[in-house]
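In what comes next, chain A is part of two complexes: it sits with chain B in the first one and with chain C in the second one.
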Partner chain A sequence: MPRPPTSRPVRLWAIRGALGIAVLAALGLGRVISDAWPTGDSPEASFVRHGQVGDTVRLRYADVSVDRVAATGSLATVAGGARTSGIWLVVDLTVVARQRPLAAPRITITDASGRIFSPDNRSGYLFTPAQTGIPWHVRVPVEMPQGDLVGLVLRLTGNTEDNRRDDVASIDLGIDRSAAERLEQEHAAVEVRQGGPDPLTAAGVSS
Partner chain B sequence: MTGWLRRNRWGLLVVPIAAAALVAGNAQRLHDYWWVKELRVVGASGQQGSWVHYSEPFSDALGASRLAVDLEVVDVRTVGSISDPIRGEVKVDTDGAMAYAVKLRFRADPKTVLIGCRMALLDAAGNRYDFDHQALGVAQDLYPCLQDGAEGYGNSIRVDTPRAYVDGPRPATWTTRPVVIVPAGVRITEVRLWWDDPGPRYCRVSVTPAG
Partner chain C sequence: MVAVAVSAPFGGLDRAHGVDSKTEHVQPGTPVAAAPFKLVVTGASAVDKLTKTVADGTVEPLLAPSGAGNHVMALRVSATNESARPVEAALLSARPSKGGLHNEVVYVLSDASPLDASGMASVYDADDATDVRLLNPGVTYHLVLAWEYAGPVPATLDIGLARLSYDPDLVSKDVLTWQHPAPLAQVTVPVKDRTS
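Right, the complex of A and B next:
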C-alpha cells in the first residue's frame, strides 16, 4: 500500500518554521559580527590632524599653524583692558582658508586633564572671516587657571556645530614644565585686535 | 509561486510606493541639513555688460511672494584703495592681497525686498572670495547690491506688521560698487550673487576684469 503524500498544511508549516529559524540565525549572526567588530564612534569621528608649534597643519578647509604662544595677566583691548586672576594664554595663529572663506571656526584649548577652555568676547577676541587664500593672522586669548599650562593642546574645527567626518586640527603647544614656568612669569600686557591679513607684531606691548 | 504572486499582487504593488513614501517622509533632513547648505542651483546666468533677470521665491511674515531683480555687471577692475565714509580712500597695501571693485547696475520694483544679498568672486579654479563689508577695517555699504540708506523695504517679521523701510526708499534703478579683497595675482572670472543664505539658488555672471 503506497504511503499517503505529506499533506499540504504540514509542508507549509515546515517551510514557515525553516524560514523563521533562518531569520533568527541571520539576526544572531549580525549580532555576533557587530559585537566582534564594534564600530564605536568611528562612523562619526573627526579626522584629527596633529601638529606642533611652527608646523602647517593641512585641513580640508584651511592650512593652520601656531606661530607663537605667550601669556599675560592683562590684555589691551579696544574696549580698554581685561585682567584676570588666572592667566591669559595668548596663541597667535595663521589660517589660510582653502577654496572658500573660513567664517566661523571653533578654537579651544584642552589641558592635560582634558578640560576645555574657549576664548570669549571679554578678551576682545573676534574671528573675522578669513578670505580664501590670504594668510589670516589671528590672536586667540584664552583665560585659564594658573599652574595648569603643561601639555596644552589647541584644537581648531571648521565650524562650531558639526565636525563629524571632518578635519580637525590638534596642535600641541609644546609647553613643558620649564616653558610653563617661563610663561607664568610673563606679565607684559598683550594687545588683542581682530584677525586679518596684517602680520601680528610681538605679543607684548607696554601698557 | 505564481499563486503566491497572484494572491499578494496588490500588496507587492504597494511595496515600492510605501518604500518611496518612507524615504520621502524623512527627506526634509536632506533638504535642511544638506541641500540648502551650499549654492547649488544656478537661478540665472549671464555675461558682463548685459542685463540678467534673477528671481527666486521669497517669504516673510506677510506670506510668500517672489524676489525679482534685473542686474548688470558693468565693470570689474583691480583697485588700489577702498572708499571709507569717514577715512576717505584707504590704500590696499597688505602684502599678498589685492582688491577688485565690481560696478553693478540694478533695476527692480521699489517694493521688492532685496536686503540680505551676498556676493562672491570666483577664479577659474573655482576658489570663492566673499565680499566682506568690513574687509581691512574699511566700512563699505553693508549689502553689495544696495546703497546704505536706500535699501527700500525690509522683511516683515510679524504677521500684523507691514513691511517698512530699512532706512529709506529705493529708486527704480541704482548702482553699487562693492570691493572684494583677494590674494595677489588672482584673476576673477565670475561674479556670484545670492540672497537666501547659504543657498541653494544663485545668480552667476561671467566677467573679464579690466586693469
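Right, the complex of A and C next:
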C-alpha cells in the first residue's frame, strides 16, 4: 500500500526540529566532555618570572625589583593615618615600564599557605602610571595578620584582570623566621605617598 | 521533562540554592560564622553625622545626612575574613532586607534602613576612620557600617546575618564569586541615641 505523500512544509519543519535537537545534543555532549576531562590551565598559563629582593625581574612590559621590605603597625598618609590590628607589610618597588606607561598592575602578596593579600586604598596606596623608561618608585603597604610573615612572595601582573599567556613577576621577599621576628618588632610609623620618580627613603622615617 | 533533561549538561539538575528561613537569634557580641567572615556585631548608635578627627585635631565630616531631619546609624561590627583571598567590604554593606537579599552577609531588618540610592551602608575602620574597600584574610577589622536613615531613633536595631557560598559565576564557571546568601542569624542591638 503506497504511503501518503508528506507535505513539503511539514518535512521542512521536521528537519529543522531534528537539526535543533542535534545542535543541543552536541553542545550538551561537549559540556559533559569538558567537565569530565578538563583541559587545565596550561594553554592559558602565565609566564612566571622568579626573583629575589634586589634582583631585576624582566617582564614583557616592565623591569621590576623589590628594594626594601619593612613592617609597621601604623601608616602616615595624606588623609591622616591608618592603623591595623594585624601588621602593615611595606614593600618598596622600582618599576621601569617598557614601550608604554604601566598604568594598573596588580600587586599581591601570597603567604606560605597560599593565602592572597592585596593593598587597599585606605593605606594611602595609589599606583600612579609609571612613565616609560623612568625608574618609578612605589611603596606598597599590605595589611596582614601577625605571625604569618615567613615565606611571603610578591606577585606583580601587568593588569588587574587578564594575565593569560602574559609575564608575571614572582619575587621571594626573603623572610625567614628571624627576619619575620625582626619585622614584627618594627613599630615606627611609615609614610606612604604616591609612586613617582623620586627615590624612596627608608620605610620607617616618619613618626 | 524533556526541557529539564536537555538542560542537565548546563546545570539544570544542579542543587538549587534555596534560602533557609530558620535563623538563630544571637546576642550582641556573639561570634557568627557568616562565610566568608567571622562576624561580631557589638552595638549601634544614632548620630547627627559621622565625623573624623585628624592628627592636628581638626574635625572633618565623614558622613552627613542629605535629608532634613534625617540621622546616621552607625553599626559596630568586628569582621575577620576567613577565606584565602581578599574580600570586598561591599559584602558588609548592610542593605535593607526588603525586596530580597543581595550578595551581602549583613542586612537590616528594621525600618531604620539605608536611604542611600544604592541602599548600601558605607564601611569605615572604627580605629582610624579610613574608608575600607577590602578585607584581607586573617586580619580582624573593627568596622563601623554607617548609613543615613529617616524617622525617629529606634530603641533597637534588628540585623540579619547571612552566609555566602563561593560559587561559579553565572556567566563563566571559571570565575568564583561570593554569592547565594542564606540567612543564618538575627541579632537585636540596642541603639544609643547620640542625636542632638
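Side notes on the structure shown:
Simple rule for what comes next: the second predicted complex is superposed on the first by the 167 of 207 C-alpha atoms of A that agree within 3 Å, B and C clash if a C-alpha of one lies under 4 Å from a C-alpha of the other, contacts with A are read in each partner's own complex, and residues count from 1 in each chain.
By definition in this document, a residue touches a chain if its C-beta (ideal position, glycine included) is under 8 Å from a C-beta of that chain, and two chains touch if they have at least 3 such contacts.
Being a predicted model, the structure only gives us computed values, none of them experimental.
In the superposition on chain A, contact is made by A:V32 with chain C only, not with chain B. By the touch criterion defined above, A:P129 lies against chain B but remains apart from chain C after alignment on the C-alpha atoms of chain A.
When the shared chain is aligned, no partner comes close enough to touch A:L89: not chain B, not chain C.
Contact comparison for chain A: of chain B and chain C, C touches the greater number of residues.
Of the two partner chains, neither chain B nor chain C is touched by A:V153. In the superposition on chain A, A:G196 makes contact with chain B only, while chain C stays out of contact range. Judged by the touch definition given at the top, the superposed model places A:G80 against chain C, while chain B stays out of reach. Look at A:L173: by the touch rule set out above, it reaches neither chain B nor chain C. When both complexes are overlaid on chain A, the residue A:S118 reaches chain C alone and has no touch with chain B.
In the complex of the two chains, the chain A residues touching chain C come out as 24, 27-29, 31-32, 35, 79-86, 113-118, 120-122, 142-145, 148.
Put simply, chain A touches chain B in their complex at residues 99-101, 128-129, 131-135, 196-199. Contact residues on chain C toward chain A in their complex (touch as defined above): 6, 8-10, 52, 54-55, 84-86, 125, 127-134, 136-142. Residues 94-97, 126-130, 132, 134-137, 181-183, 186 of chain B are the ones that touch chain A when the two sit in their complex.
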